[in-house]
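Dropping a structure here in structure tokens format, bear with me for questions.
Labels run A, B, C, D, E and F following the written order; every chain starts at residue 1.
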Amino acid sequence: MTFRQFWHRLGSPKWFYQMSGPWQSAFAILAVLLLVTGMAWGLAFAPPDYQQGNSFRIIYVHVPAAILAQSVYVALGAAGVLLLVWRMKMAQLVLENLVGFGAWMTALALFSGAVWGKPTWGTWWVFDGRTTSTLVLLFLYFGLYALRRAIPAREAAGRACALLAVVGVINIPVIKYSVEWWTTLHQGATFKLTEAPAMPASMWAPLLVNVVGAYCLFAANLVAKLRTAILRQERGAAWVREWAAGEGRP
Amino acid sequence: MMFEDWQAFIAMGGHGLYVWMAYSAAVALLIANLTGLGVERCRTRRHLQAQLRSRTEEGLDASEAP
Amino acid sequence: MPPLLTMTDLACTRGGRRLLDGFDLTLGAGGCTEVRGANGSGKSTLLRIAAGLFADYSGAVEAAPRHYLGHRNGVSALLSPLENLKLYERPGGHSVREALTRVGLQDALNAPSGQLSQGQQRRVGLARLLLGDKPLWLLDEPLTALDADGRRLVRELVEAHCHRGGAVLCATHQPLGCSASEVHLRV
Amino acid sequence: MPPLLTMTDLACTRGGRRLLDGFDLTLGAGGCTEVRGANGSGKSTLLRIAAGLFADYSGAVEAAPRHYLGHRNGVSALLSPLENLKLYERPGGHSVREALTRVGLQDALNAPSGQLSQGQQRRVGLARLLLGDKPLWLLDEPLTALDADGRRLVRELVEAHCHRGGAVLCATHQPLGCSASEVHLRV
Amino acid sequence: MFAVQFRRDWLSLMRSRDEAINPLVFLFLATTLFAIAFGGDARRLAGLAPAIIWVLVLLANLLSLEALFKRDFEDGTLEQLLLLAEPPFAAVLGKVAVQWCVSGAAMTILAPAAALLLNMPIAALPALMLGLLLGTPALSLIGAVGAALTVGLRSGGVLLALLLLPLYLPVLVFGVSAVLDRMAGVGTTAQFYWLAAISVAALTLAPFAATAALRISVEQS
Amino acid sequence: MFAVQFRRDWLSLMRSRDEAINPLVFLFLATTLFAIAFGGDARRLAGLAPAIIWVLVLLANLLSLEALFKRDFEDGTLEQLLLLAEPPFAAVLGKVAVQWCVSGAAMTILAPAAALLLNMPIAALPALMLGLLLGTPALSLIGAVGAALTVGLRSGGVLLALLLLPLYLPVLVFGVSAVLDRMAGVGTTAQFYWLAAISVAALTLAPFAATAALRISVEQS
């Protein structure tokens, strides 16, 4: 199969649906396994930080969530380009179905960061570079959600969201840079995120496991949501009716 | 295991509240997310089947046939 | 000579109702077609599709450069008719003043358009058709709010345009009064 | 029985033009008068004066309780036809549902009105006339955007209303088709 | 008539739920912007928080008032209302009540959250909420008169602001000083009486004034 | 096309001169409100003044952007523009330019007066003005994309705010920090470069994005 064919097929809901059955459960199972392992490892077996003590264990929740929050948005931006430039049908489904997941991950990153901030910084919230840009990321997600809700026509909503997602992705680095630079200039380094380059393997290994697990969760969400969305979208098509009559029967 | 007993595990050296808040939020989100996926799938399936049934009862609606 | 408007196997669903289904239409130079049909049968939708102002359809549409006069006139209330149409003036074509005189607005060139009566505003919209020289005209109930004199005006404009080799697709409830083929939409 | 609408020595200037001058009109029970005139001759202005929606005139106007259907339908795009008219329902009169059925909208009761076609929206405006039982109807180009069936509907509504002892003043460019006297406005 | 109009406007707000939460979104976005823009100075904010919140509530109210009659004016519903509602002022009051529910009432409930973003001490929150509860009806009612006067005008938005802000000033002053006094531990009853008095006065006069203003606006078009 | 559209929009703004000064009126009214609401604390204001001014400039811009395409959308002019302008994006740019003249440019010139109301030191005014001059084009241009996306929507106003405020953040941050740095005697070139870069980037991309967004909006109605 040439790349061209693959590309074309990826844009075809039916093909995607028929191919992706096994992927979905694989990713979901992998995600649960990795995340449970990583969390248990991080909670009980990783050594405490010599400065922060056990509150450090929040890192195993916080960093994967923060990474996903950004990755999902980048994925939305990519889908936006696909939709606007190549009018790829699947990209619209991605745009429609991934916003909620990304927003929840952002919320988790914010929440776990805030919870971590209380014991380490002595306050739930402080406006520094990363916190601010994460908060703004949450607003970007809200914007996508609200825009889609506000436009009744599905097709138009898809393109409008695509445009917004692309504009947002272009802006994210600028936002990040601006706030990071601004607070380090004015606030001093008191609240700088702890960076531990010399982190021992026993500390970063569970983090790695969780990050990979988080990406699996992302993939599982992507595939599962696309699959249901495809069924709903193509409900008039013959193959979906066959599916409902046959395999889909409980 | 980095902790002597369960008590210490729960207490997390005094940071138990924060650590457990963060982890429980994460676990809750994970569970909600995965069950959400399953529920959505079931609902779609039921919906499609209901649609299929009403179609076969009424006879196939010509205007909606692909 | 290629046709000015070709619609092939058009299908469109709005608000849960199938409006167009396997609709075909070809409009060549000099052709005038009236689209008829009951209220809500999809005439306006058809015209917007032809104009490229409605995208949620399936099928193929090819249209020459075109003028579209919709239910709304596209006239800014604050600007005078002259100022309103300035944007559409093209070198070599009619001037705005000529166009407005043609539609009988020579006495209302400079009043804010919002202070014109409905029929006068419709005439401003009609005057735009004379600017920029587009071969295809898409008219959605052009007779709305026009008096007898205005209806005659529309007929003359359409006839002249077809005569020059243009084409007109017109949704209307009253016949324009010029020789035109008819398409009926049914839901 | 007193007339339902009396206008005496009406005069009105708009945008520097004298529209009405010493205009008199009396409309009794059962009377239907069509106001004719070229675009911009002041028909809409006259109707708004009669409705009490335009105040910048001289002369005397006396009008019975009235319905006014203007160029704009008075229909909120977000609300369904049912919800739109709820406000005008009165105990003892027609129900909103009956009124909407009468104007042929029984299949579009619950869609947001903004999603209706122009003619369907006009029909929602017409349905309001059936609610609240006002003896005087002031109609400004009621036929706008209506198909043949809709035009018949308006004629029937007007005839029935006059028959019941109401009165109708109607500005229009096309005759309604019922027996009516005519007033011509000239600038 | 009040109830019918209330239900109608409520429905149409719910149809576009996003619009209903507009004032809230504005309040939170603007608060966040301020918090971000103040950056490291956040700690110094506490004393300024009441003023910022109240000013933003005023502005949010202004913004949502601009839309109060606009759509009805443009699609001709307003002239029908003036012709057919019995009595029109009750219908106008219905519209204002809906506007208050989504602006004044909603902001009363959620302003504390915004205040916390600006580090306002928790002890002062009840004073903030009570002040908003008593003061915002006056804002909506007085605002309706201004909105009715400007609805037909192209310059709507800021002409409205210009008309209303002077009238809003007493509410602002009493509202802010109530919170500041509470933070300073001084008694605050007087301010609340004043806010309530202004609202009651507005309630008795504003519906009539707004109806008259609407009539003027409609007769011009 | 740019020039014709510019002249057209300029004319129609001049027809309703009040609307043209909307953003300015908003800026001054809100500044005044803040000054009044802060009352005796005024001395503490100086350090906060840049943040307040910039946030208000952002909000003023947002408010005037909401109207950018609205009227044209409603009376059908916008669809004619998309059909007949050659090329449409030049016409869109013309509209944005007019909007910038009455918001960005006007506020650049008059913001110092507002800043003085808030006790900002005179020495910092040039930094404020230069920042506004370089930053406001980006606000108008990015804002036009948002305005184009939301023009057909009932929830317009605050949906627009929600969409745009995150995108405005960098401008806000660089703008405020330039003034603060000037007040602290630190070099400020970097911020101005950034602001200029953002504006240039917006100038090259936004007209196309806005035109595409307008097309989406028109195709729905």
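Here, contacts are C-beta pairs under 8 Å (C-beta built on N, C-alpha and C of every residue); 3 or more make two chains touch, one makes a residue touch a chain.
For clarity, every value in this text was computed on a predicted model and none was experimentally measured.
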Same vs different contact residues, subunit C with subunit D, by half of numbers used: same
Longest centre-to-centre distance from subunit C, chain (CA-based): B
Rounded Å distance, subunit B centre to subunit F centre (Cα mean): 43
Separation of mean Cα positions, subunit D and subunit C [Å, integer]: 28
Length of the line joining the C-alpha centres of subunit B and subunit E, rounded to whole Å: 40
Distance from subunit B to subunit A - Cα centre to Cα centre, in angstrom: 16
Junction residues of subunit C, two or more chains touched: 55-56, 71, 78
Contacts with 2+ other chains: residues of subunit E: 15-16, 18, 29, 32, 36, 38-39, 74, 154
Where subunit A touches two or more other chains, by residue: 132, 139, 146, 150, 153, 156, 179, 182, 186
Subunit B residues touching subunit A - in the complex, by the definition given at the top: 1-3, 9, 12-16, 18-19, 21-23, 25-27, 29-30, 33-34, 37, 40-41, 44-45, 47-49, 51-52, 55, 64-66
Subunit E residues touching subunit D - in the complex, by the definition given at the top: 4-5, 7-8, 11-12, 15-16, 71-72, 74-77, 79-85, 91, 218-219
Touching residues (chain side subunit E, partner subunit F) in the complex: 15-16, 18-19, 21-23, 25-26, 29-30, 32-34, 36-39, 41, 44, 47-48, 50-52, 54-55, 58-59, 63, 67, 74, 153-155, 157-159, 161-162, 165, 169, 172-173, 176
Subunit D to subunit E touching residues, read off their complex: 51-56, 66-68, 70-79, 83, 86-88, 112, 128, 132
Subunit E partner contacts - residues on subunit A that touch it in the complex: 126-127, 132, 135, 139, 146, 149-150, 179, 182-183, 186-187
